[in-house]
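Next come the structures, one after another.
What follows is chain A paired twice: with chain B in the first complex and chain C in the second.
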Partner chain A sequence: MMRNRSFCLSLALLLVLQVLLTGCWDNVELNRRAIISGIAIDRGDTEAEKYKLSFQVIVAEEISGEKSRGISPVALYTGVGRTMFEALADASRQTARFLSLGHVRVLVISEKFAREGIKDILDVLERESDTRLNSEIFISKGQPARELMSTMTVFSKIPANDLVEKLETTSKQFGYNFRMAVDDVIRGIQIRGGGPIINGVYTSGDREQAGSNDSLKNIEPRTILRVSGLAAFKDDKLKGWLTGDAAVGTVLLHNNLREYPSLLKDKEGGYISFNIYQSQVTLKVQSADPEHPVITIKITQQAALKESPNTLDLTSPRVLDELSDQLTEETVKQLKAAVSAARGYKSDYLGFGQALQRKNPRGWKKIKDHWEEVFTTCGIRFEADVIIRHTDMRSNSFQIY
Partner chain B sequence: MKSGANRKAQAPGTGSAAGQPPGSAPLGLADTVAQSLINLQTELGGSPDLKIRRIRLGGDSRIEAAAVHLSGLADTVAVNEFVIGSLLDNTDDLLRDKQEDGAGASREQSPLPQVILSRALAIGDAVLQEEWKEIMLAILSGDTAILMEGCLEAIICDTRGGEQRAVSEPSSQLVVRGPKDGFVESVATNISLIRRRIKSSKLHLEVMKIGSETHTHVALMYMKGVAGEDLVQEVRERLRKITLNEVLESGFIEELIQDKTFTPFPTIYNSERPDVAAGNLLEGRVVIIVDGTPFVLILPAVFTQFFQSAEDYSQRFDIAILMRLVRYVSFLVLILGPSVYLALTTYHYEMIPTTLLINLLSQRENVPFPAFVELLLMETAFEILREAGVRMPRAIGQTVSVVGALILGTAVVEAGIIAPIMVIVVALTGIASFAIPAYNMAIAGRIIRFAFLILASLFGFYGITLGLIVFVAHMNSLRSFGVPYLFPFVPLSVNGQKDTILRLPLWIVGRDKTPKQMSKELPEYMQLTTGHDEQLPPLILKNDTPASRGMEGENDEK
Partner chain C sequence: MGKVKFGLGEFFCLTVLFELGTALVVNLGMESGRDAWLSILLGCVAGLIMFTGYAYLYRKQPDLPFTAYTRKLLGKYIGTPVALGYIILYINLAARDLRDGSTMLAMATMHNTPLFILSTLMLLSGAYVLHKGLEVLGRTSMVFAVVVMLIGLFGTLMLMLSGTINLNRLLPVLENGIQPVLASVIHQNYMFPFGEMVCFTMLMPYLANVKKGPWVIAAAMLFSAFLLSFTMALNISVLGEDIVERSPLPLMPTISKISISDFIQRVDIFVVMVLIIGVFFKMAVFFAAALVGISELFRMPYRRMLYPCALIILFTSMLDARSFIEHLDEGGTLLYRVYPYFMVVIPVVLVIVTAVRDHFSAPRPG
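Moving on to the complex of A and B:
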């Protein structure tokens, strides 16, 4: 009995000690890590240098430490390789600490790469356990992605954070850009006949001093990161850029626009501005004949009058009704621009195909292989309804007598 | 005291062997008072605090007698007035009466001690005792013994008294609103404090003496009919089995009657507050009061009980709920705080918000030690501080905590040994431990904290999760006198939830939270109060004679 007991005890002890033998396999102290805030992915010129990854690494001590040396708050390391992993390894060799992907907030892919296809990049991002799927994706508009990661910004010491914050601000106020994370893009690519839309980003101004503090020493920053334009994709390839009405219409169709300005030209000259602060789109599909579906875009919007440069009688319901009608036309114009742009790229990033699939799954199976053609020829109707809810703090404008 | 018969036979024997050197034969009462006194003094080693007052009873008859007590233990007034005073005043007439009656027969019919006991003594409680050992024990307890010439019995008068601490505010388990009286070191006072609160004939009291040297009075209180009969029987049994030389604190008893020794969790509640004891009695628990300590034991105790404060019931129920939640949260912070920090920074840095991470990074930039060593250092330092603060004379204690917490904390950060965030983590866990009302549960948390710290350093959150599983499994294995430790969560009782984490208004809680009710809700296989003997400490088992087993058997049959 006693022997049995001591045997059991020593066995238990051995088991416990075994646990200690494994050691701390992925234990890394914080001060051994280099936290990456953003990655820029450029297309190298040769196949051997296909991936050119630039890592924006946070120098924590410069940001919040007491003993800062006055150096740049981030450092950029660039690695090249035939694959993403090789490029990461290449960059790792240049840094003193473990490159840690757990806090990547921004991924910028160069336009050149985007036109070639981004599927492989996204696969790596999804596979790697360290990266996160809610990092924001951007396409650098007409310039190397690397330049976006090496531009000093005013409001955040970390340029990647500045970029994310800019996107958040524009998506909430008057902008047609909206948050687009890695998983959204991956889902977008898998839409049959469609593709994702990704925000565009570029820098304006002088590139010479962009990467140094000198750029920020003036009241007017020399270089500014700008979020603008939507990159329209077919599958995983960039087809073109959406701006203006087409961009607004596209985002309206995605129900992703919170508020934006809408302008009407007045008969007596000048413009009347409205703030569209609520907007809802529903798609209705008539798909008895799947080869010739009819898609009805129903949109309801609420607007507030913000600017009235003339002597309109804003207390009269008739005047406001007239203005509502004009606004409705404006909205339909934007939606039409979006649809025609999508048809031009032969890419159903608007999600019409999905609506059809939900309505008529059997019909969808028949046409999904040639959805592109059906998409470009199907009938589209618009039902728009814009209501002016109020004229803000005043009714009629004050007059000069 | 079945061996009493033997001793009775021996006692006269020793008396006849008077004058023999002490130790060679058992001492006892002798025929002559003088010899008995010598025996007494020999037994006590000639202790000077043994006060002997020699008197002569009944004027002419001149019967030698002596009143013996220990100074300090006995109430001097009682000894002087009611024992010695009444002996001197009353016996003259009494004995003269006797002599005048003349008929010798009557004298023999009512022997001297009986006469004195029934007619002379003014003291409230007095008995005849012929057992030498009992007489010694009585004297040592503060009673006065009256020895008489030619009499092999002594009269024991209850004159216990002497200096005692007055009832004052308890030093632990303080409340803002509620009674301010606390138990004291005297078992009699403590019983009265409870009796004053429960004026019910159902409140039963049993007293036993435990400790072969200390003969400590241990009182067992329960509400007849409210407390389960089998529970009381089990407590009685376990107390009876204790074989100890000394019982100086209720902790001695607790350690020997608790269900499991090798667990960080207390399974018996202790309190310094009469209102807590009374409340628990009314809920059907058993209270054990030990002479010489203000801390009474309350059992059975489940996990949630250690997070309840007497104040929960004197304040509004909504604030009581909030306070209870705070206590549970602080227990979690106490056991998991440092380990979660360690796991986050060394394994799961991606879970920290980026801005905070940058701060942590810059703080850790020039810290020489790994986070685990850092935490261990700080936690140890904190434990040292706490221990020092407790043991320090009260005047310096304050200084220690101020010096320790403020100056040491800042200095350690400035010296670059520890990251500032670490001080926050350690201080938070330290303070969290004070938010738990039961000190012994706080200690449990402090110990477990280190286990989790090691697990987190080895495996991160994975280790913490594993630890939590073992932690809960262990708590599930505990019983407190038959009640599962995690009741009313395991087994789940909806009724029991009314007064655990929540404290619903009293009219909702009602009366269904007594252990008796609890045991009704338990499934069949959990219905046990006895049968834990194999886990009880070995000291108890020594007394586990076949006879006592037989008694248990009887009860089972009932």
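Moving on to the complex of A and C:
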């Protein structure tokens, strides 16, 4: 009798436990998911359509190849709404599958929206548990953001991935763009008297065929997605674009520049190029009088000579010392350009205020409400030191006899 | 009583997991801003002082749980209601931790799963382990302590390699002086998670080594305080003070910042694992403390009240608040208004009574 009962009991338990075997309650099978790789955020014309979100959705069959129909590897769906969340829900009316936010790699915000303010956009990106803080943010330079999400790219079937890879490549080789994720931007907006800096992106060439594979059938792609410029913000509003020296200097001050070319004008004409492969900035603040702080920017760099088609005697240390002095001047020029650009925008996106706060928290409390004014007038000193480590695989360059 | 004996290693692991519990994943001590790590360490010092009191009581009566010495020291008529109060406290704490855990799980990953299902499954696993006996809980803790440590080591290493740690975000230390840190200690940190050690007074009679036992527990408290403090410092140095303060589970976004060559990434599921393990042990220890109390006070076998008690915990956790915000708010009030009586006032009274009794009944030398 007893054995019988416990047998029935364990059988009942087994049946109940079956329910748990079906897996998670929230489970959505992979073939019911549509993975979003990038989102473009445009400003709609009316308040009811304020957020115009374009989702670049990966068409998995086209990527893996076996069952591909030769259609576009990604599809773009657009939703509108008064909030970001409503726009997402709106877009789901067009898609056959659940839009999955877990793999968003790129967020492009249009310049128009950025000038109006991006604070409201970021809240949902931070709050939603599916989205990642690691998504990279871009500002589309002078064109609607959705155009950047609807441009075919050569090296990756998924344009959003291509964009991230481009950013990575340029940050490793040419300089002044670097990875800017959602949380970096949020922290940037919260800098008192400052703002974030965000990478710019635009397309060059003919937009007519940008979204079609035909654009890629030529050796020279009709449309090219380019990472360029840094958008400088005050609080959450875009104030202007940094390019050239100002951009290089700004990124140097953020300690985010990995490698970039630096050119010197030669006496004999032409240029000498260097690769700066190592640079380190430290900020020193003298703030005995917080109303008039003095900020010393100390920078050390290491360079390698890359190109010097002239008659300079590169085996002489004195010549190289002279060149490194010139390089030092060049670096200081870039830093100065960055500082004066920031002062022009009245925005401390360089983080001088934070350095002051770390050094003298009490003094910072007194001046933080009018930091913008202090920032534009405070003393700034430069201490630069550039070392040319070597001249690569040759000493002097070859000459015609 | 006293048949089951815990080894020192098991007790160490159990204490560490209990202390880490939910505290590891939540924004602990953020009332003091970026000095949270400091207030955790100070909270631990306060907790250790309280623990010396508990250890003193234990040394005097190594075979009795807390609910027994209230009656022994305060007499039957005062001691019994006090002991009952403690049992209710433990049940309440277990229920609150269950609610914490299930809601956080729902917030973090399982958005559509009903809270009741999550709670039931978590509670049943705890009840099952306790059904197997207290020594099973101890041995389980050793396994999971290793898992949690490995996850912690992996996460820290990967964050360092990802280059997302910026120690400047921890500066300046003590920007607004020491007051906010002390305020945070007084409002939260001495009690959560260190004051909650009071429930170990129910389990200490099972210690195999009376002499070393309290030292091992104190060492475990200190160790977990360092881990908690380190974790909060890590969170702040990765995310910045403001984001941590606004996140109910800051460890999750911190870990999600791990990205190595776009290959090793999305490891935040480890945090969910740590959360589940932590909630499991915290709840199970409170649950065990309540059961030991019930079986001692009402003189009934320990297993008979297991499932009824589980039901009470489950329904307390479900009915305790309508929303998580309400739940947290209630928790703050309880922490400040109710728990100090149980964790400080009554033990202090007991310590005084014991000391006075000892003084008068000690055999005079000579």
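Here is the rule we go by: the second predicted complex is superposed on the first by the 376 of 401 C-alpha atoms of A that agree within 3 Å, B and C clash if a C-alpha of one lies under 4 Å from a C-alpha of the other, contacts with A are read in each partner's own complex, and residues count from 1 in each chain.
By our rule, a residue touches a chain if its C-beta (ideal position, glycine included) is under 8 Å from a C-beta of that chain, and two chains touch if they have at least 3 such contacts.
Everything quoted here is computed from the prediction, not taken from an experiment.
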Original post:
If you count the residues of chain A that each partner touches, which comes out higher, chain B or chain C?
Top reply: B
Original post:
Where does A:Thr203 make contact in the superposed view: on chain B (first), on chain C (second), on both, or on neither?
Top reply: neither
Original post:
Does chain B (first) or chain C (second) touch A:Asp183, or do both, or does neither?
Top reply: second
**OP:** Pick one for A:Glu61: touches chain B only (first), chain C only (second), both, or neither.
**Re:** first
Original post:
Of the partners chain B and chain C, which touch A:Gln302 in the superposed model: first, second, both, neither?
Top reply: neither
**OP:** Figure out whether A:Arg132 sits in contact with chain B (first) or chain C (second), or with both, or with neither.
**Re:** both
**OP:** Go through the superposed model and pick first if A:Arg33 touches only chain B, second if only chain C, both, or neither.
**Re:** first
Original post:
After superposition on the shared chain, which partner residues are touched by A:Ser100: those of chain B (first), chain C (second), both, or neither?
Top reply: first
Original post:
Which chain A residues are contacted by chain C in one complex and by chain B in the other?
Top reply: 20, 24, 26, 102, 132
Original post:
What does chain A use to touch chain B in their complex?
Top reply: 19-20, 23-24, 26-31, 33, 35, 37, 58, 60-61, 63-65, 67, 100, 102-103, 105, 130, 132, 158, 161
**OP:** Note which residues of chain C are touching chain A in the complex, please.
**Re:** 107-114, 117, 121, 168, 171-172, 175-176, 239-240, 242-243, 252-253, 256-257, 259, 262, 265-266
**OP:** Give every residue of chain A touching chain C within the complex, in rising order.
**Re:** 20, 24-26, 102, 126, 129, 132-134, 164, 181, 183, 186-187, 190, 354, 357-359, 361
Original post:
What residues of chain B sit close enough to touch chain A in their complex?
Top reply: 345-347, 349-350, 354, 357-367, 370-371, 457-460
